[in-house]
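Please go over the structures that come below.
Next, two complexes with subunit A in common: one pairs it with subunit B, the other with subunit C.
Here is the complex of A and B:
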């Protein structure tokens, strides 16, 4: 029975081969193509990557992107944490209602949600009109066409993504551990900082990663709420492809984002098991 | 003693807990003496855990009062009561090492570092886990986790230690071992232990006094021997140990299976004697258990000493059962 395990593996591979081929052709192929473009267009070499150091314009865009993503992540996770915490601690009925509301927001297109903010926060929007009319402010506040607008729109869109991983972790916390902390003399606050928060850390990391990575690729919200004044990487890439036709630069930026995300995941995996973050079995 | 337990006498006064229309504990009066090992024993739903949670401060009191050394502690939050507690499933902090777990109560009280370290060492000695200080709870066996939970709850020298079925998750052999350790630790620290269990053997072997509970009320309080030898109610007699029940002159009597002598028909002696037929015999090694049908009575259970009781009697054998007057205990109520 020497060759039988080998043969079994062979049969297994044969079964998944069509799908494997599909994945390679439709997923890995384009990625390789982009990597190839980034070092060959317009001429072979690392010229596209060199622009990262030489072009102030590019550095500025990357810096804006990272800054907006970090701030978005921070606020989304803080708000998401509060919402998830509330959801875990209300009665079952209210929790289901809150969960449906949360899921409804997933079904509304990002375009619709962004335009809603435009109507609410524009110079002649509901918020500014109201504030001016009741005399709290004399001039409309500039919510739009700046980073503030982009941040408001992105945080609003990202909160549900932050809530779900946090909710999953919080629901698994054994209430007796918290009671034990109280019985040992810790106040509610001490219990939160020393026990609850550390126990929700996997959820915090998962939510942060998810929100940060999704934010990196944000296109519609910065384009509309930033009004062309806040340029993030995704929008810049689309301009390179559709308008200026510098595909090499676009491919370089896409590759950069891909490697950035992979590096981030690698860094996190050194501190904790990724499987626990993404809801796998506990180690 | 490791620490002079300076206080620890508790008095429950007409303690009542209602959840809506359901009464989980009804007007419980109980004096718990300083330093004693008191067990709350009862089936699930008897109110024993409710009582413990009210003492710990996790449940509000509907009516009545709890006094610690004469002072009311009703309405005081759990962290102010200074009671140690060992939870079902131990509830150790999974992200902290054994040392950090044990140091926690002193840490949150902001005690000096040197004092904490010394005290943690002392507690690790007490529960014999000197070499495990830097492990995480997840790397310990159930019995070891149980000891960490105990060390953590005793670390700040609480006057009262509350234990909520702490051995429930252990297998039977380990349980007996841990019972001995627990009893030994109680003797050494001198803290008042209030122990909740539904396991009658645990209650009998460990307690100074046992409180038998049923349907939110106290059924009977006493030393293990008092409760076993002189049960006052049918519930007390049947929940703590096994018992046969007989009616004589309109009164109800409890008769323990091991206090009945069994002999082949015609050989029985003694003032109280009935004849019957063995329906079944079960062999337990040290004990032979007979189920005997007696005409006009409920089936009677007899435990005979397997070594001194003579040859086993087979099912179907005609037998005489006899017992002394002192063996049957008259019950006060059903």
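Here is the complex of A and C:
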């Protein structure tokens, strides 16, 4: 009986096997269903995928989505980096206050935040009314109901997602490394660019990935703050399922998003160990 | 908890089978015994209700109490069957999904007549039984095989009297004329009504609207795109106007009165060339209460008292011609089929929308985004 396959798997695995099978079935089942739908509805074949090449409409929506997600990611990570940097370097008491403020904004629902932006920056919002009343501008500035509005709303929503992984990495950096850099004659700037920034790279990658992937699925913010003119892929998928009944197109786009994200993770894994990013073993 | 839920559902299924004669009385009682439920409580509770109630699938909000008062109460008084609600909104995709999954939980959907054209031929809907439902109690063009119009709603527009007080806009042509009437506009995001308004503005006559000339309509829509916002829900349309984001806004006409009140009359509704949309009741294939019961329910909704209550409660206009003359004075300006408006409205063609709606919505989204 020595070395039977069951024994080698280990009893621990056997215990979780039923649950593992259940999770895999419940998770993979629907995904396979989506993939199947994308090549069978409305007729068998790759017609839905061919539309990616032939339809300017779809290309336009995907391009809008990617553009908005890239810009959102860039701004969220830059702001997030500054916030995390400040949090690491202030006194413990202030850090806790900053963390609670961050978490509070993290917990507020996306709908509430979206409508708050309308009240603040809308055509008749607080900012525009004030500026018009004190005579700085004659016409209200169009902050909302366009792509700028979508970006403001999304960056604001995403900043906490960027701060948290960055904060985790920065807190683990050994301060003596920076002191060593300074004592060897590097200026403050050199120390930052050549020592500190490279050390925080796993956090930067993690924050960027997290923000980008979450942005891809954004629905409520673009729908409301975009005034109907900023159509991102998540809203388009929902319209195709609920209103126009183009389930094949919707399934194709969903599959595309899924594989896009997987490909992104794969690409990243070529450059660094993914386990580092998601808080596993140290690089 | 889940076991209890499962047993309840099993018993409910059993009760349905028992009622339809697929299960004999003894087996049903055994089932109840196994489920640990006294027969008495089953009869009083969910199990019997599943087979003996009408579930209406609507859009929630006020419509729940309004449908209850207008149709539920008289229907229950007549048949003893209660009316319950699923308020998640019967969009075409959801109805299709429900029927395809084989787990139909709604009896009647508060939907659009074009949904009946889109979902009927593919076998997702029960045909309307015109021996029970009356063809005379709706507009003649709105009694279709798989759906019947119960109410009319419409696309009209409101304008800012402070911006255009001396020379108010009167038609869709004025709505689309941003040179003569400068200011922001808001339109419906999912094409419906906006396309018709654009064509009317471009000089197409009411009678020659359908089939819609998509290229011409989209060109007109694009001509005011820089000045336009697009809304996806009634509340969004309402807030765009009330918050002063637009000077003219396309709205569902039944919102017009609330908008006039909320802005102290600053915004005013224009009903000329309002697009009359047939709101219809449609029945998912294999509905739990059975076809006959739900047809009786639909027939109740056609009655004049129900029609007038819906008007009073929701601002939805009667589609039953017998009710037109009884539209109260204060509702006349807002109702589509009142003597005041009926000659100036434009009727939607649900068949065109049912057959071409998907392409039209996608082309519209492409044009505005």
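By our rule, the second predicted complex is superposed on the first by the 271 of 283 C-alpha atoms of A that agree within 3 Å, B and C clash if a C-alpha of one lies under 4 Å from a C-alpha of the other, contacts with A are read in each partner's own complex, and residues count from 1 in each chain.
In the analysis below, a residue touches a chain if its C-beta (ideal position, glycine included) is under 8 Å from a C-beta of that chain, and two chains touch if they have at least 3 such contacts.
All values reported here derive from a predicted model rather than from experimental measurement.
Superposition of the two structures on subunit A shows subunit C fitting alongside subunit B with no clash. In the superposition on chain A, A:179 makes contact with subunit B only, not with subunit C. When the two complexes are overlaid on their common chain A, residue A:95 makes contact with neither subunit B nor subunit C.
In the superposition on chain A, contact is made by A:223 with subunit C only, not with subunit B.
Taking subunit A as the reference, the larger set of touched residues comes from C, when subunit B and subunit C are compared. Using the contact criterion defined above for the overlaid structures, shared-chain residue A:113 touches neither subunit B nor subunit C, since it reaches no partner. The superposition of the two structures on chain A yields an angle of 160 degrees at the Cα centre of subunit A, opening toward subunit B and subunit C, reported in steps of 10. Nowhere in the superposition do the C-alpha atoms of subunit B and subunit C come closer than 46 Å. Against subunit B, in their complex, subunit A makes its touches with residues 174, 176-177, 179-187, 190, 194-195, 198-199, 201. Taken in their complex, subunit B has these residues touching subunit A: 56-58, 77-79, 82-85, 87-89, 91-95, 104-105, 107-109, 152-153, 156, 162. Taken in their complex, subunit A has these residues touching subunit C: 56-57, 60-61, 64, 118, 122-124, 145, 223-224, 227-231, 236, 239-247.
Of all the residues in subunit C, the ones that touch subunit A in their complex are 91-94, 96, 118, 184, 187, 189-190, 225, 228-232, 236, 243-245, 357-359, 361-362, 365-366, 368-369.
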